[in-house]
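Take a look at the structures listed below.
Shared chain: subunit A. Partners: subunit B in the first complex, subunit C in the second.
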Partner chain A sequence: MRFTASLLNPRMWINMRGKAWYRFRKRAIPDDANFKRIIAAGYNVVDANEYVKPLSPLYTDYDSLPDLKPTYPVPPKNDRNNPDWHDEICKVFDANVFPIEGVQQALAFTKGVRMSSELPGPILERADSIKFSEEEDKMAQRIVQQAFLWDSYLEKLPIVKHPDYPSLNPRRVYGIPLKRSNEIVFKNFLRLIESKVSPSISLSRMMAPEEELRVNLERHNSRVQFRLTPIVNMVSTGLLKPILSKQEVEDTQHLPLTDIYPFLSTANMEEVNVYKEADHFAIQPQNKFPYIHTSAFSHHIPGSHIHLHPRWNDDRFMGATIMTNFATALLMAKRKYGPEVPKILPEPVTTQMVHMTGKEFQFCVLQLNTLDLEDSSPTSIKNNVWITEKIDLYSELQNYYGKEIFEGYNPEILKLVAGMYLST
Partner chain B sequence: MCVSYRGQRQVQQSVPSREFHMSFNQLARFKEHMVEAPKPGKGNYFRRDVHYPEKYTIKPIPYTNMAGGIQRLIVFYNKNILFVRIVGHVVVGTLGGGIKHPFLWVDYKRHVPEGMEGPLIERVLQIVYEPSRTAHVALVGYADKLRYIIATENMKPGDIIKTSNEITKIAVRANEGDAYPLGSLPVNTIICCVEIHAGEGGYFARAAGTCCKILRKIGQRVVVLNAKKREISLPQNCMAVVGMSFSNVSWDTVHIGSPNNLRRMGYRPRSGLWHRKTGYHGRKLRRPPPCEEYVTKDQLPKPVPRIKLTMDPDVTHTYFKQFRGTY
Partner chain C sequence: MFCRSVTSKLRCDRRRCCPITSTSTVLSQGVQQVTNRNSSTLTTPTSPFMNMSPFLMQRRGRSQTRFAYPEGMKAYEDDWTEEAEYPEIDPEIHTWNEYRRKRLQDELDFHMKIRKATCPEAKNLELNMPKQFGYKVFRITEDTFDYDSLAAYKFVTRTHIASNTQLPSQYSAPVLEEQVKHYLEKVKKPIWDVLQFELNTPRSCESDFNEFPHTIDLKKSQSIISQINRVILTVLGQEIEHLKDSQVDSQPNIEAFWQMGGLEPSFRRRNQRKGNEKKKTYYKLKDIKIDDPVEGHLHYIGSPLLQVRCKDPPKNFVSPTDPVCSRSHEEFPDRFPHFLEAYGFRFAENSRFASIIPGHWSGDLHRCNLLAYHGRSHLLAGERVDNKYWSATEENEEALCSQAMLVSFGRLLSQAFYHGFDQFGDLEYPFSTQTVITNGLDWSFFAYQLNTIKFHRLALAKNQKQNVMWGTQSESIFDKENPNELNVNVLGNILKFYLNTPVPVDVENATPYLTSRIQDWDDDKERVLTFFNFREQVCQRIYRTDNLLKFRPPEMYEYEKIYKFYFNTMPIEPRRRFFELPSGFPGSQPWNEPYKLKDPLYESKGIVRLKAEVAARKEKEAIEAAKAADGLKFGVAPAKSGGRRR
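Coming up: the complex of A and B.
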């Protein structure tokens, strides 16, 4: 830029010279009176940029292009204009939701009674009947290492923040997401077990893909909806037979119901106006494998697969497993008896479930005897729940500066999965 | 001395030296002149601007740091085009920066919901440390609903809390954490989170370690001693929380430790220059002011309508014509 008289004015303050530089460096073409004279004389005046544009090789005439619409439409917002808007509120049980009172709230919601801290006897007997050789044990250990160490799929994981130092932002690490490693472990365990089992059992089962479940219910005069996505859904030709006979169910009538005064069992559920009223399950009833046998859920929040709300604890985790197992059992009851299920089921419905956090496993079995959940009289029929504590798959498994450390493998989990697989 | 520029004569204009000095040399963050400071109790909060949603939630609420300033919208036309711009200036120059913490929406209203008979019973679930305020916050719930309230000194998870609307003739023996109207509490109880106007939420004694005290009752009004030791007269409908003081009593005595900690709290450095102290500074010994009455708009005396006496102008002209020249 040239030093003009405007900059060399000695009356200007010293600091203004830099500001004048910024003011004068980009000079625009001024509107002189000469253009008006030329136009008045009858000549055609064209802007220089418009004349130069078409001659450049990078010119694109946007006006002549056709109107391109996106291949997929923009999803509607959760406003009143949404086609699924309802004025009545619906309470949603999601992967983010936990029962605030834990196991007590889940048992009050499902009108359930906890039978023992271990799985029922028949499943444990079947688990002991299968014996894995040394090679198969090594294969199981390799499955675990593949899921957490050797898998070649990498993603940028979110930041793990320390609650006491919220301003520290460490570098984001590349690693295997938790959902994928849980999937690998469970699916390959099932394949290992299938190879040892007779084809009459293995051909009556199918592994269904992951898709969202939706089940509706009325509880405490409000609508409740379960929206859950299992990672693996094992589906079979026939429903599971009940574990307790009718006589044994009547013997459990005297057990007390839980009371969580002043809370209701629908506390801490999300309240939502946009929802679909119908149930949804990807596999149709005309399919060859219409009934759920076992379902596996992974404890990760969609979108941030490591982070969980700091208020999750063991008690609330256990309550969430009971609620999800109840949802699958409800779905199967509606499939068998139609949309209007009788209050006391003529034949009880059982489902099995596995809840995984990567390192920890939790197994649950639920037998649905009644759907009369509002009746809180002490001598009514109740639903039965068998749920274990958290069991560790391993004690230490990590890649520590190039060294792979793998210690404390627990073979009990593969046995329990086999016991669940063999139940009919 | 004048210098000609482009053939025109220009005279050096006189500029106030202080403004000229500050604007070019010191680059201050705020303007000392031409700024209207708000009156105490009725001003803006210059630290953060919270974007409250329509409905109450437990989830943390987003906010923007204002760094000691105000923002306002400007709408103007220019060549038939409508412009909308956000414009602001700094009012407090020593605020700014700081770690952003999750801001929780605290419910200051302790009322029985409509349609409910009898007292409201809630249970305390958890006590949460919230850095955007001095006191701790308690997660509390009943039936379907969960909310945050300010925790009293001895609150623990598992406690049961009561609120009731009734004004009883005989005074109530209240436990810590309960909420009653002032008319049903005995004299000499220590209370917190006192309402001024019934139904609007707690106003006095919300910070950590603060409390009020009931002194006497006069008819339908109750005289309360403020946290700053001033007497206040309130209607007996106003709710108050019973308790020695709010949690985190020793927040006053915590040692900050380093200037970096102050920056993390959201304070910017001061100028470091020596300022002469005026009559505004220092401790003042005055007699205690009289009792302050808080009164709603309905209770204020209504303005008397002005009565206009008018006469026909022709009549006044003819009547006062005889007095012309005498006054």
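Coming up: the complex of A and C.
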């Protein structure tokens, strides 16, 4: 701005600077001697403070305390000064990490064998035993529409680039984030199932708050940490019953272990120095509902709203599902047998998991028999994994400029969720 | 001149009583032509031009078309009546000048446009059409409720508090009490378990220094409430039909927009009005006094922690003809005597589009709210902590009361809008809802009946209705005497709210102003335009379509303020900016220009060209691939580029 006569105009000068003393002066109550006059006239004057209410207990007068301002600690940097810094490197598995060799790597890490491409028999039987009426089927469809079409929550979604025109930067649209949609679908499916089964079952379950789970493990002579954030974490009074009996588990000994040489099974995990050592699960062991029953995870890749990413594919997604389920099983084993878990569990630990991408659901059940993961001898005991392929919830669902298109709803998913819900 | 004035009068007052006699109607040939009902023409020999001098006759002949009827227009006998029929005189506006009348007519047209729009999306779009950058609004949220601000909230929602301690009589019906007794035993233990579970589970946010106490409180109350809701729906949902069929939203966004007349004009507005007296165009505005009240736009933005919706609304608590529902003038005067800013309303925001959202879009037909839970975390922040005279008993209750009336009003207003009722024509039947305000431990319950939403400038004084609210004082969920047991009173109230059965509205057509859903529109172009622009406005996105350089709302830069506005130091500079244009010139008032619709399917030349290029390249690749495949099939190597061709 040019410094000219206009700026030096006395009016502006007075307004901007000359009256600064007036603005920042220390104000005092002027004593205009009115009280003296009133008292001289014969009136009784009482101090107003006598009639003022007592001070609020929450009130703190920051002005009266010199140099006392509310301060907040600076977030620690990601370097050696960080209190959580360790010289030993930790390999972290979280929502952003995927096993590079997919299912093979996940099975190699967890020392698992895949039993079938379907859920175990008892769960399927329970799923078939529940029959949903037409009305309930409509309600389920309404839930899906509510989650993806009718919810009015608006957030700026990430950029979705068109693969044919990568140079174009499309305008970012507002809509329902995928995590929220998944949450609405799953929670309301549970509500629908709970209104059908007997209350004694549903009251023996509880929804854990949204908290991060952390589990630690030693693998290939390095520390491995799982960090998971389930969207729904259903907890119950007891652990799930094992699916295979001891004899059946021993029968699976002959199944071959997967080998991904030359890779280690910890390949592609993120290596960090800043981490917290201890395991973390918000629910205390003395709680009435200490064990995880079923956990649901929403798979949304940071930076892309849709499930389209060059490095992710179905195989790696499935591997991530197995790894995540293994982590919850490990957490439950530690909950049951303490931090020093015996290498071969006296009783197997079973956990269930649902992995969602918005359109697709994947179900996984894992029976943890052993934690002796380094022992790769062909006759050792293995862990058992049942995992389905991705199942579509619908074939098409979108709001095309006011026209709501909802086609190809798949009722099987609700049944499978119910089957999982009923397992004890 | 005489003849000309005659014809012009005839032309404009055609269907009215004409004071001019039939002899004065003049035709070009000097012969009067009158047509009767049977449309037979009559001719009269007399003519006013008979006695005219030949000179004038000659002059007339040259310019005769000036005095003639326009082509095809005739005078009819029906146009004349024995007695004069004057238009009706409206005592309010008959003293107004034509500018004010025109403005009134414009406003009424605007109201009718909103009413005639067929679906909520179109109505919302129409509401925003007059302003391309949106309205200047007071944004009201649930973050703080100021000390002693109940009066302001009461005025802007026009809510009468029927009882501060007791819910309406509907809740003490013996049938309901029995039901509550029955379910209380089933619900008691699981709710106790929920509270034990939640209170004994430590959160990571509690030990986080960056989290404020009120955000922690909100998170905790959110999870307690969702658990309690889950318990109640599992126990009651199997037996009670309306709960089984309900929709549950967790933390939906609810927005309401309404115009409020009777507000105090700001000092700036007063000064503007004073300045207007000096203007040349003062005659347009002179009916407005300096201290006349102004109209403000209020925008409620909130989100309940949880909301349960049904197909039908809960039964109304009192009849709309009840004396409680008619306005008491002492409580609700025509004008609020203080600035809203003095009561903790934030200063008006300059550009915000009207958006009315009840927590779901119009495709969902479960559009009646049964009950909603709200947090009371504002009692741990803001005014509550800063004010040293805030007492936990009275001021807390007042703040909760004003919160309840604000959120219930906002929710019901948006619900009414999705039933087709806007605030310019009032509701045709009342709506009711139930509100719970809690942090998981202290609970207060409110019942609200919405009778009127017609508060805009023209209707505020005439509106003789008021809204009614009942409520209870906040109470702990644990029993006072025996803290190892739950408070039966609170549990009973929760159950009563769930058990309050919705009843279909006792009207033939519950949504008279919703004639078609946007989904069913045949005209694709119109549907796309309406829906897209509606969503853009609801997301508060502002842009100009006509000129890329003018993306943002207009702004006067600092250098312009000093060198152009206060001191005219740049007289030779061309005057192109909006504040330099003369008043009435197009572009001189950018804030008051209408919204311009944007077509989302429009593709610019560059994109069309790019797409064509990509398509051509793909086609070429496909052809080459096919050629290569052919070559392999017949054992011929694929031709290299630049190689010899046959």
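Keep in mind that, in the parts below, the second predicted complex is superposed on the first by the 337 of 424 C-alpha atoms of A that agree within 3 Å, B and C clash if a C-alpha of one lies under 4 Å from a C-alpha of the other, contacts with A are read in each partner's own complex, and residues count from 1 in each chain.
Everything that follows uses one rule, which is that a contact is a pair of C-beta atoms (placed from the backbone, for glycine too) under 8 Å apart; a residue touches a chain by one contact, two chains touch by 3 or more.
These numbers come from a predicted model, not from an experiment.
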Subunit B versus subunit C as contact partner of A:Ile283, first or second or both or neither: second
Touched partner set for A:Arg311, first subunit B, second subunit C, both or neither: first
Touched partner set for A:Pro199, first subunit B, second subunit C, both or neither: second
Touch count on subunit A, higher of subunit B and subunit C: C
Subunit B versus subunit C as contact partner of A:Thr266, first or second or both or neither: first
Subunit B versus subunit C as contact partner of A:Ile100, first or second or both or neither: first
Set intersection of subunit A contacts, subunit C complex versus subunit B complex: 9, 167
Residue ranges of subunit B in contact with subunit A within the complex: 3, 5, 12, 24, 99-101, 121-123, 125-126, 141-146, 160, 264
Subunit A partner contacts - residues on subunit C that touch it in the complex: 121, 186, 190, 193-194, 196-198, 200-204, 209-210, 223, 226-227, 230-231, 233-235, 237-238, 244-245, 247-253, 357-361, 363-364, 384-392, 518-519, 521, 527-528, 530-532, 535, 538-539, 541, 558-559, 562-563, 566-567, 569, 600, 607, 610-611, 614
Subunit B-touching residues of subunit A, taken from the complex the two chains share: 5, 9-11, 13, 15, 100, 166-167, 220, 222, 262-264, 266-269, 311
Residue ranges of subunit A in contact with subunit C within the complex: 1-2, 4, 6-7, 9, 12, 52-61, 72-73, 75, 139, 142, 145-146, 149-154, 164-165, 167-168, 174, 183-184, 187-188, 191, 194-196, 199, 202-203, 206-212, 282-284, 287-289, 401-404
